[in-house]
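One chain, chain A, links the two complexes that follow: it is found with chain B in the first and with chain C in the second.
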Partner chain A sequence: MSHLTPSADRRAADIAAFSRRHRFHWFEALPWLIAVAAYFMFPNYLALGSQILAIILFALSVDLVLGYAGIVTLGHAAFFGVGAYTAGILAANGWGEPISGLLAAAVAAACIGLASGWIILRTTGLTLLMQTLVVAAMLYELANKAYRFTGGADGLQGMSVWPIFGTFRFDMFGNTAYFYCLVVLFFGWLVVRNTVNSSFGRSLTGIRENVGRMHAIGAPVAQRRLVVYALSAALAGIAGALTAQTAQFVGLNVLNLERSGTILVMLIIGGIGRLYGAFIGVPLYMIAQDRFAEADPTYWYFWIGLAMVFIVVFLRGGIFGVVERLLARSRKQ
Partner chain B sequence: MADIFSSIISVGFHGLALAMVLYLISVGLSVTMGLMGFINLAHGAFAMLGGYLMTWLMSRYDVPFGLALAGAVIGVVLISVILERLLYRRFYGGDELDQVLMTMGLIFITIASVTYIWGPVTQPMRPPAALSGQIDLGFRSFPTYRTFLIVCGAILVTLLWLALERTRFGAQVRAAVDNLRMAQTIGINTSRLFAATFALGSGLAALGGGLGAEILPITTFYALENLVYFLIVVAVGGLGSIRGPFVAALLVGISDTAFKYIAPEFGAFFIYALTMVLLLWFPRGLFGRT
Partner chain C sequence: MSATGLQTIALCKNFGALKVSNNIDFRLQAGARHALIGPNGAGKTTFVNLVTGVLRPSSGQLLLDGDDITALPQAQRVKRGLVRTFQITALFRKLCVLENVVLAISERDGIGGDFLRPAGWHRAAIEEAYDILEVMGLAEDALRPITELAYGRQRMVEIALALALKPSVLLLDEPAAGVPESESVTIIEAIERLPERIAVLFIEHDMELVFRVAQRITVLVQGAVLVEGTPAEIAADPRVREVYLGEGRH
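This part shows the complex of A and B:
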């Protein structure tokens, strides 16, 4: 029976490993150091930089539902868009205070997440995929229809965002916007990191790996899935609001299928369910897009499509997955 | 009163034409999902390719309508067989996310390729002279091409039903959908069956794309823009059957036409809402297996 019950040593090692998961590792400082360094090295690309930071937050929110809770979604743009429109409409109608705009966006997106999640999370597989897609498609049609509030296909114009804390004005070079996005992303990352390392996060992984088992040990599966869905929606809403406030414009494309699809691509390039996939995949994708897509969008689509097929066929687990496998192999030798 | 009656007939007619196109394109998708457990988002790309090949043969080489359509179907079947053997086969019964990403990638590649080959403009669809204009059906006249579309659709539905219910191949497909392992055990070559079914589904999609080019215009983003419709038909109809998607296509085609007639400014909003409600009620679709 000894092979069934782990020895005391082994158990102690497991517990130590679990408690170590929470501690900050030196490499976790890397993305933030790089982000600050990028500010000084590429002063002409700050607008792109702020967009990248906001989209990283969006990718983190998707990683939370997809990588940890295992909910395959093709409609997360719904929450990104709700956040963007909430912050945008507030700023266009006389309330340009950015921080409260972010909070309002988070609340609005979380409400939509709760309401839609409560309905659609009862389903699984293809049906769930369809439901997420349909929710986003409905919101798209609504935003298109409510052109008096959203500007419809022309986009929402006339946003005026006030200085942060009344002092830091959004300048035309994007200095304020960059650090604003960086700080918000940092807090968002802390929330996600704590969530996935908490017992709540562990139970999500359990639900992803074996639902039947989690039901059997009495975990409230439906409730946990709903909570993480709403939390993820709030984060996606904040990401949308960041994009709206820094770009001072919201277009219908914040809600479309392409956005829901490409965020999956960015996440998959970096690696899914790894917390750091977003930090690698999003910059890679968006910098490449900035370089190549402007010149020729057709080729861009071709290469990104080819990259997706290639990653799924050969690079399972994304860049992080490959690095992990290489490390494991070198350790063995 | 006469006005309302006339609008109902008109909505029913155009809805039926749309339903036929949706059915032809989606039925292959439904069978692929039911049989191989594969979420093929790129299925619409086969319909799009069918449309492109057909309009290209017609406008560039003056090939007659019927021949161009046949050429398009054959071309798409060839492409789909190659893709099935090279790519799709690896993912049968695998991870949903991998399937979604791989087929999404194929959509992007197709969009880029057709833009490169045929340019960004919408491809013109000119039905042959015999099928253009109006046809008088006794009580009122209808557009000839759409009438032809409905008749064609009805014939194809019947043929498909006969093929699945009355032939050896159909029996094998039904057996594999019901119980894949058992089908393998009694000696059905499921790998070849998968390839054949996949090719048939893609061919039908190409046929739907070509025939329906007048209703769903052939543009570069066809596969992405119409994807939601195809998926709705499949999810509402239920996987792995050919009757389910037919009922779903009728439902979607007619109600979408009606909604867009009554409240055009809402676009496709109501059809999405209807889908959501239907899927909550029947999570496995109207004719799904439990």
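This part shows the complex of A and C:
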């Protein structure tokens, strides 16, 4: 076989290239530089900016299950909502400490993720899609009926969020909220990035690519899917809690179908399974929504829809997919 | 009685009234090179699915090295050294060849659930995967995705993945299926080079491969064992000739 074996140099180079794929690239600093720059450039849009940052975290959590593990979901608002209500109810009932609020939200959402995932992850494809929808719908009705705790359709009133570390007050201009969201998003992103680059994360990609083969190499597929589902739920819960704490209000819309759907749209625009799709798709969608809604308050959804059709037809793999293809082409030349 | 290897006792599988596997008594000795042949629809792949745990038998028993594994799930059987390849290539198509093998080794060594350290830090697994690629002659394609490989090369990756799991019993489901003749030689040679300690059962339609590699042959017809013997005995058996001539030679 020696005639087929490439040189030892080639072997060392291949292995080095393969085992260094998790290292940081310079372009990974871009979103963070832009986020800090945006703070100085658009001081009047900090509220929108904080929302965008929180929703990016939500999109990341969806990308983890959908893009990496191949678990289709149309009910991820369930976890976003559970997180939002957990932090909200705590703050409305005398515990406004934000960091522990986030942690409580993460734990609550993860528990709901584990419990529901344990039941519904036995299915795949469209059946699973329907079941995720059902879980979110059930929680929505629960929040609606339990108005004593949640405020029902009127929303949760009277939240009082304490200063972060007892020092940084949430000011009315949204300065603190913006950096709070940015820092939490950064840590959330680190967790997701580390997870997808770990052996566990690679095995998720294996499950997405070929479940039958993962079984055949002895992987505990059901367990892996459940673990990543719970992890994703926790992150979605933190995103929901961020929204609740920065807005000091929780409405039923945190749990509705529209939220589960639009997060998918945002992710598709940016690119699924790429870790950075969320960073492109979410700001683009939310800024476009903001602009369209101002320019054409009645029909702004039409323009979003038109843009979606364009993306699906012409930009396969989302914006990030196109960027990747262009880079690959320029590298070849 | 030797307790090593794989044994099935009165294995049955019914889909409704259809008996796909009918009372199969089969034994694969440690280190054997055993071929399972039979016309289309004889239940060969069903048999592999029963043995590997993809399907549950309707009745009967499965023993691996003397232990009853009838109730074990698929992943547990793999952990005990019972490994298969697929008739239709089943790989992680978008991932590179090296990654495919690394995934298998990670599961074997129980590092597939490690969500803290980057996969690239498990250097030993990557080195070992590369060793296997070199043995299989796949090293030059290590970093290419499966989709870019010729079909014959993909079949080699199938075998590489199975080898990575350090099997004691290896089931090859039509390893040379769909491969042009020019490339099938490489696959036959790869099967001949498999370590002797591995018991190999292969399903194959390519009679050249069967008679070149197999020490024993079992003929399956309509879900039941028609006859078992050495290649010479099988070639001379009138019942086997009838089955194949009656249906036209594969």
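Everything below uses one rule, namely that the second predicted complex is superposed on the first by the 313 of 333 C-alpha atoms of A that agree within 3 Å, B and C clash if a C-alpha of one lies under 4 Å from a C-alpha of the other, contacts with A are read in each partner's own complex, and residues count from 1 in each chain.
As a working rule, a residue touches a chain if its C-beta (ideal position, glycine included) is under 8 Å from a C-beta of that chain, and two chains touch if they have at least 3 such contacts.
No experiment lies behind these values; they were computed from the predicted model shown.
Engineer: Touch test for A:200: chain B only (first), chain C only (second), both, or neither?
Structural biologist: After superposing on A, A:200 lies in contact with chain C but is clear of chain B.
Engineer: Quick check on the superposed pair: does A:299 touch chain B, chain C, both, or neither? Answer first, second, both or neither.
Structural biologist: Only chain B; A:299 stays clear of chain C.
Engineer: State whether A:212 touches chain B only (first), chain C only (second), both chains, or neither.
Structural biologist: second
Engineer: Using the superposition on chain A described above, determine whether A:220 touches chain B (first), chain C (second), both, or neither.
Structural biologist: In the superposed model, A:220 contacts chain C only, not chain B.
Engineer: Looking at A:118, would you say it contacts chain B, chain C, both, or neither? Reply first, second, both or neither.
Structural biologist: neither
Engineer: Looking at the overlay, what does A:42 touch: chain B (first), chain C (second), both, or neither?
Structural biologist: A:42 contacts neither chain B nor chain C.
Engineer: Going by the contact rule set out at the top, does A:187 touch chain B (first), chain C (second), both, or neither?
Structural biologist: Neither partner.
Engineer: Touch test for A:309: chain B only (first), chain C only (second), both, or neither?
Structural biologist: After superposition on chain A, A:309 lies in contact with chain B alone.
Engineer: Return the residues of chain A at which the contacts from chain B and from chain C coincide.
Structural biologist: none
Engineer: With touch defined as at the start, can you tell me which chain B residues reach chain A in the complex?
Structural biologist: Chain B reaches chain A through residues 33, 39, 87, 90-91, 96-98, 100-102, 104-113, 115-116, 224, 227-228, 231-232, 234-235, 239, 265-269, 272-273, 275-276, 279-280, 283-285.
Engineer: Looking at the complex, which residues from chain C come into contact with chain A?
Structural biologist: Within the complex, chain C contacts chain A at residues 52, 54, 74-76, 78-79, 83-84, 86, 90-96, 98-99, 102-104, 106-108, 111-123, 126-127, 130, 134-135, 137, 139-140, 142-143, 161, 164-165.
Engineer: Touching chain B in the complex: which residues of chain A?
Structural biologist: 66, 72, 74, 119-120, 122-127, 129-131, 133-135, 137-138, 141-142, 144-145, 257-258, 261, 264-265, 268, 272, 298-302, 304-309, 311-313, 316
Engineer: Considering only the defined contacts, which chain A positions touch chain C in the complex?
Structural biologist: Answer in residue numbers: 1, 4-6, 10-11, 14-15, 17-22, 194-195, 197-203, 205-206, 209-210, 212-221, 223-224, 227.
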